[in-house]
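Chain lettering (A, B, C, D and E) follows the sequence in which the chains are written, and residue indices restart at 1 in each chain.
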Amino acid sequence: MSRFIKKRAKKVGLPPGSLVHIGETKTHKVTISILNYDETQLHEKEVTTIEECFSFKDKPNVTWIDIDGVHEVEILEKLGTCFGLHPLVLEDVLNTDQRPKIEDYGDYTYIVLKMISYNDKTNETIAEQMSLIIGSNFVISFQEKHGDVFDPVRERIRSDKGQIRKLGADYLAYSLMDTIVDNYFVIVEKMGERIEDAEEELVTNPTSQTLQSIHNLKKEMMFLRKSVWPLREVVNSLDREESALIKKTTLIYFRDVYDHTIQVVDTIETLREMLSGMLDIYLSSISNRLNAVMKVLTIIATIFIPLTFVVGIYGMNFKYMPELEWHWGYYTVWIVMVLIGVLMLIYFRKKKWL
Amino acid sequence: MSRFIKKRAKKVGLPPGSLVHIGETKTHKVTISILNYDETQLHEKEVTTIEECFSFKDKPNVTWIDIDGVHEVEILEKLGTCFGLHPLVLEDVLNTDQRPKIEDYGDYTYIVLKMISYNDKTNETIAEQMSLIIGSNFVISFQEKHGDVFDPVRERIRSDKGQIRKLGADYLAYSLMDTIVDNYFVIVEKMGERIEDAEEELVTNPTSQTLQSIHNLKKEMMFLRKSVWPLREVVNSLDREESALIKKTTLIYFRDVYDHTIQVVDTIETLREMLSGMLDIYLSSISNRLNAVMKVLTIIATIFIPLTFVVGIYGMNFKYMPELEWHWGYYTVWIVMVLIGVLMLIYFRKKKWL
Amino acid sequence: MSRFIKKRAKKVGLPPGSLVHIGETKTHKVTISILNYDETQLHEKEVTTIEECFSFKDKPNVTWIDIDGVHEVEILEKLGTCFGLHPLVLEDVLNTDQRPKIEDYGDYTYIVLKMISYNDKTNETIAEQMSLIIGSNFVISFQEKHGDVFDPVRERIRSDKGQIRKLGADYLAYSLMDTIVDNYFVIVEKMGERIEDAEEELVTNPTSQTLQSIHNLKKEMMFLRKSVWPLREVVNSLDREESALIKKTTLIYFRDVYDHTIQVVDTIETLREMLSGMLDIYLSSISNRLNAVMKVLTIIATIFIPLTFVVGIYGMNFKYMPELEWHWGYYTVWIVMVLIGVLMLIYFRKKKWL
Amino acid sequence: MSRFIKKRAKKVGLPPGSLVHIGETKTHKVTISILNYDETQLHEKEVTTIEECFSFKDKPNVTWIDIDGVHEVEILEKLGTCFGLHPLVLEDVLNTDQRPKIEDYGDYTYIVLKMISYNDKTNETIAEQMSLIIGSNFVISFQEKHGDVFDPVRERIRSDKGQIRKLGADYLAYSLMDTIVDNYFVIVEKMGERIEDAEEELVTNPTSQTLQSIHNLKKEMMFLRKSVWPLREVVNSLDREESALIKKTTLIYFRDVYDHTIQVVDTIETLREMLSGMLDIYLSSISNRLNAVMKVLTIIATIFIPLTFVVGIYGMNFKYMPELEWHWGYYTVWIVMVLIGVLMLIYFRKKKWL
Amino acid sequence: MSRFIKKRAKKVGLPPGSLVHIGETKTHKVTISILNYDETQLHEKEVTTIEECFSFKDKPNVTWIDIDGVHEVEILEKLGTCFGLHPLVLEDVLNTDQRPKIEDYGDYTYIVLKMISYNDKTNETIAEQMSLIIGSNFVISFQEKHGDVFDPVRERIRSDKGQIRKLGADYLAYSLMDTIVDNYFVIVEKMGERIEDAEEELVTNPTSQTLQSIHNLKKEMMFLRKSVWPLREVVNSLDREESALIKKTTLIYFRDVYDHTIQVVDTIETLREMLSGMLDIYLSSISNRLNAVMKVLTIIATIFIPLTFVVGIYGMNFKYMPELEWHWGYYTVWIVMVLIGVLMLIYFRKKKWL
């Protein structure tokens, strides 16, 4: 549940722009890495104090400031003052239960999205909030934890692969978003495999465990959908609204991110629908099994209850019961009982119960 | 039910603008508190007659008139006359079953929203109607009962925390709305916990009590949704329509309220979907239990009914029954019966019923 | 069913504008009442021939012509000629299965809505078609039957209460619509009470009767929704489209009607959702009861079937059965059987069936 | 099924505009009837060759060419050449599985709609494709079979009833569409009656036959909806887009057709919802019956199984069983058994099973 | 599952425009066929190296380059350079799990759609990605595999049938899309037949196999819908947005493709709804069968259990049991038992269980 609802209660009543970190408490050291590059040169350094970033603010070439950890509030405060960020932006960076959204502040654009990873132990997807601040010559990215999916982007910048060094901050922002969205495919594929496993299990040996895992998968899909769905609107509005920060040639790339997002959303919807279908199958397989159980009971009971009645008759102690005196009485009864049994079996065969 | 439908019947047939209080009858004394402030000064007083408010109408600095209790109609009438409020606004303040809405009357904007609290005893959420009238230099707030969530706002004004003293009536209105929406998170978290409890119970020991509580939670969520959902449109239209009363710099803050509202609505939808999934689980767990019961019955019956038939045979009183005379007859029957029993058990094991 | 589909078959093939009354056949005499008023004077009369209305057409003050009964076609024809109504309007007045709608004909606006009443005997809601023709200085209202909810409006005009005498025909039209919509609240409250009763019954003693009444309530809600839902669009388009007939100051009042309509629609949706939830509860309560029945059967059968087998053994007539000769044999069997019974009971207790 | 999917396979791979008749093969002779009229005169003839129509093309008064049967491709080809119809229009006339649609070709407007009739033998609704080509002074109508619902329109033209002779080709087109839509009411009424019958049956004596007929009705409603639903958009776009072919005064009439279409669609939706509700009732009535069956079994079994055990006890052959020797033993056992039976009955009464 | 989610994982982290083939690995040789034509001449050749295509780029008449196989990345790279295609277009051609979409790049338009075929062995539909690049004088089509549905189009070009040789590249593109969409009808018809078969089976002899095939059909429909649904938007935006590449006269033809797409989507929706209805029928037929089984059990048990009790009574060994001494005791018991049996049967008949 904690994945669905984060504790905001402690923020209630504070003035807007109050910088309070909302989310899992974290203790690791915040790390800040800076990449400054243009077509001809590349500076890369890992800094320990946020002040070291400030000099890059007015450099003409592109600067990417990547901040791992948003739980140290002072870092954000200083950064906000230096780059002229609105208090509400800083507040949103700290509140890690934001919906993906985009906000245009003129000088910079603020984007929230979710980086999704998969915890193999708990079989749960985890969403980490990713904030991007895109300026004319810088991109600031905020992550909740160490470790991200951006290494390929860094590698591309370092080795000057593709066009990334030639293009501006908007293209860098695109590259980061594209990497995150591409990563969704990995997660969705993993979910697809788990659903396939559950479907297999459903056909071969459905247990209440299967139902539980269908239910869990449904919750995972709900969670994924919640994280990815609003992104559609975000990327779409980037494309629709003309922003001075995003060049026209870069817009085509954002359109590509839009397509990928739609595709992820589409696949999520398909998987959700498949899970619904699997629930129907599960329920009817329970009913089928009840039917099978009842048939066994009915066959045994309807064959033996009349026979038991018959032997009961000749167990009565009446003084005058002519059959008991007959020499072949006992055998006759046997013949009658076998006949009854055979007739019953024929009846069941006709009813297709056997 | 009374939470869903309030008695409006008594209003039918009255001319529009007729001031009749609709809602739970209340008897407490209406209290009126006034806060008048600007950057340099602060006047605060609790008044007993509404006339004392009138002098603040034309003061240039911001005045917040907070009225606790809307059941005394004359107070409203006088206030309406003084501040030039439309009769329909006064009527809506009194009708405490309004949907959240916004109406722009030029000189002032009228906003209805719901303050939600949680009654721990009945496990029900309660919605109290909150009316805001925003003028150029004043905010009038109407509540149904004593006790509200605005103390932090008052504190911020008194101690001059944040920017609230520097900004105008629109920012005050925003602060009030923000506080209310922030409070929704607390309620939603509480519902989330109750749903988590119900889910726990569903897995460990589902009873018809569990179903009842799922059903109640569903009704609570319906109620919450009904109270919060229309607020989206309200805050959105504030943002969309340009009003002279809301400054452009304050609009960014209202956009933040919009985001929070969307987030609350989103979480409510997620919780609703989870409750639906839980109902499916409950239903299939009933079916599963029926299956288990039937299996026990079937196992016992199919083992013992044939055996009873066998002992019935040798309870017959036929004169000529050779087996009865055999010395080992009794033991033979026992062996046969044990064999039948064992075969049955093997069959059930194969069918995975044991 | 007849409430959902009225016989239109007899109209098929007639030219448009053919005046044929569609609806329940009625035989009562059509009554026409005229109210002509302005701020200073008031004329009221009940006329018998439609021609008496014509003189009011060009009077400068407001005239309200209320016609009870639309089954006399000639009255309509004459009225149409005098007031210059389009043949399709007259046709729609006669076809009492119209959806609520609004049509702007320049000189006058034609509005259809539904007046809903509740038949306590059949427990059904009944919708009567109400047509309003709003001109610059007159309102013509058509009802299907005698008896309406307009008495309070008449009273307000007669006693000059509120502003109704001061304002024009548009305000009169608003007053009539407002009265009708206010009346919806009464109906919805009644439905809410019936749903509450059904819910009570569902918890205490659900029978197939309960299901039937849930189903009937659902149909009632469907019917209500069908009658009220389109009204939203009607009132909304009044507000949106600028009509010369509706003054700007009156528009605020129509907005109020819109709010009320939304509220009614909202409550109907809530009630529908509650009914859906009740159906789920009903179905699972049936399953629960089946479970309970099966448990009783299983407990009795699994205790006594083995015991019956045991006593059957010692009812066999084998010559050589050592136990039968034992002095304490009978008591031993009793002890064994009690033990079996007790073990079974312990098993059931462990399974939580007792 | 064939009603839902017509064989288009034979068209695959042909160039666009290829005139191939798609639909049920028909062999009847194509008949062509011409009505040429204005306010003062009327020419009516049934022609055998399509060439006879061509002279009417340029006459100033209104001509209605009604073609019964679209399976003779050459007729269409010639007509297309004479009236300058686009090959795709001719193709669509021949493909009788079109959705209702409207296409504006400047000189003429092409409308597809469905004429629905009811086959009393198979209890199925049948949709026949109706194509209308509306020019400035002519209307060409194509039907699949002989026999239509247009006789009243013809009669109105012949006898100069209503305004039809006074108004142009657009009014004629309206009259035809109106007649078709009016006819939908007849079909919907018939479906309503069948649903009412099924509902009656559901309450009195639900069998699996009832389920089958609910299912069939559902399919019928799906079919109807598919035929009628797109018509909304068609009539709406007539109203919205300004076409030189439709005069402003005629538009009011098309708005009327729109209203009727909405009403039909509305009723179809209502009926669909009712059928859904009936399915729920059916399913729960099955469950109820299972419950009833199980109760009978349980009552009989729980009363007699213990009693059979009791009599089994005294059927044992132990040498030393004191009760057997008692003089009143037999009667005592009877009393005990009666007591057990009565207690059981009281228990069942308490459980409300009796 | 692999049909729903293709492995994109290997692409994660690559720069945009990286040409990596995503989809089933294929090894067949890529074949390239060129058709260059205008009204008077026709050149057709199958080339082995992509360079041979380049000369056609600037020819004034229409060139259709059809490339079978997209797994050889170098071919695409060269083509892209020669025709000036955007790297993202090439990337999308290679990623064979695109949604149908359209992108306007000024000089050319890029369209993705799905060619669907039916695998008779696995009873699955297979979607092959089809990319179209439409320039002013050329169309490049990319397919994944050998074998397509375009032979009729080729034939039409060769034999100069229809207008294809007279019109430009836009008409060629239309012809290809039309052929693909026409082919959907064939697939949908095949699905319709399979659904009809399943429905037949459902009525005559529903097994859990039937459920499985309903479930599979549902998945097929989901898959089809996913492939066809977005095409609506594609063709619609072709119509809506004015592109210099598509002539106005050709637009009418694209409108026809739009109509066909809508029709396919419509039929898919209808089939989906029918499958849902079939699931309901299946579930209730299981319940019905359970009912039938239970009735047989109940009839047998309730008749014979009391009778067995009766015979048990007279099997007791009490010394003093007067009935045993009666001469007609045995016969009396028989009569009593027959009476009990007959009464039971009458009861069951009354309950309509027989």
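Criterion: a residue touches a chain if its C-beta (ideal position, glycine included) is under 8 Å from a C-beta of that chain, and two chains touch if they have at least 3 such contacts.
Predicted, not measured: the structure shown is a model, and the values here were computed from it.
Listed here as common contacts of subunit D and subunit E: no chain. Homomeric contact subunit A/subunit B is classed as different-residue, with under half of its interface positions used by both copies. Separation between the centroids of subunit C and subunit E, computed from CA atoms only, is 42 Å.
Centre-to-centre, using mean CA coordinates, subunit A is 26 Å away from subunit E. Along subunit D, residues 283, 287, 290, 294, 297, 301, 305, 308, 312, 315-317, 321 each make contact with two or more other chains. Taken as a graph of touching chains, this assembly forms a single closed ring in which every chain touches exactly two others.
On the side of subunit C, the complex with subunit B involves touching residues 149, 151-153, 156, 161-164, 174-175, 178-179, 182-183, 185-186, 188-189, 192-193, 195-196, 203, 252-253, 255-256, 259, 262-263, 266-267, 270-271, 273-274, 277, 280-281, 283-285, 287-288, 290-291, 294-295, 297-298, 301-302, 305-306, 308-309, 312-313, 315-321, 353.
Within the complex formed with subunit B, the subunit A residues making contact are 1, 4-5, 7-9, 11-18, 86, 88, 91-92, 97-99, 101, 103, 208, 211-212, 215, 218-219, 222, 226, 279, 282-283, 286-287, 289-290, 293-294, 296-297, 300-301, 304-305, 307-308, 311-312, 314-317, 321, 323-330, 333.
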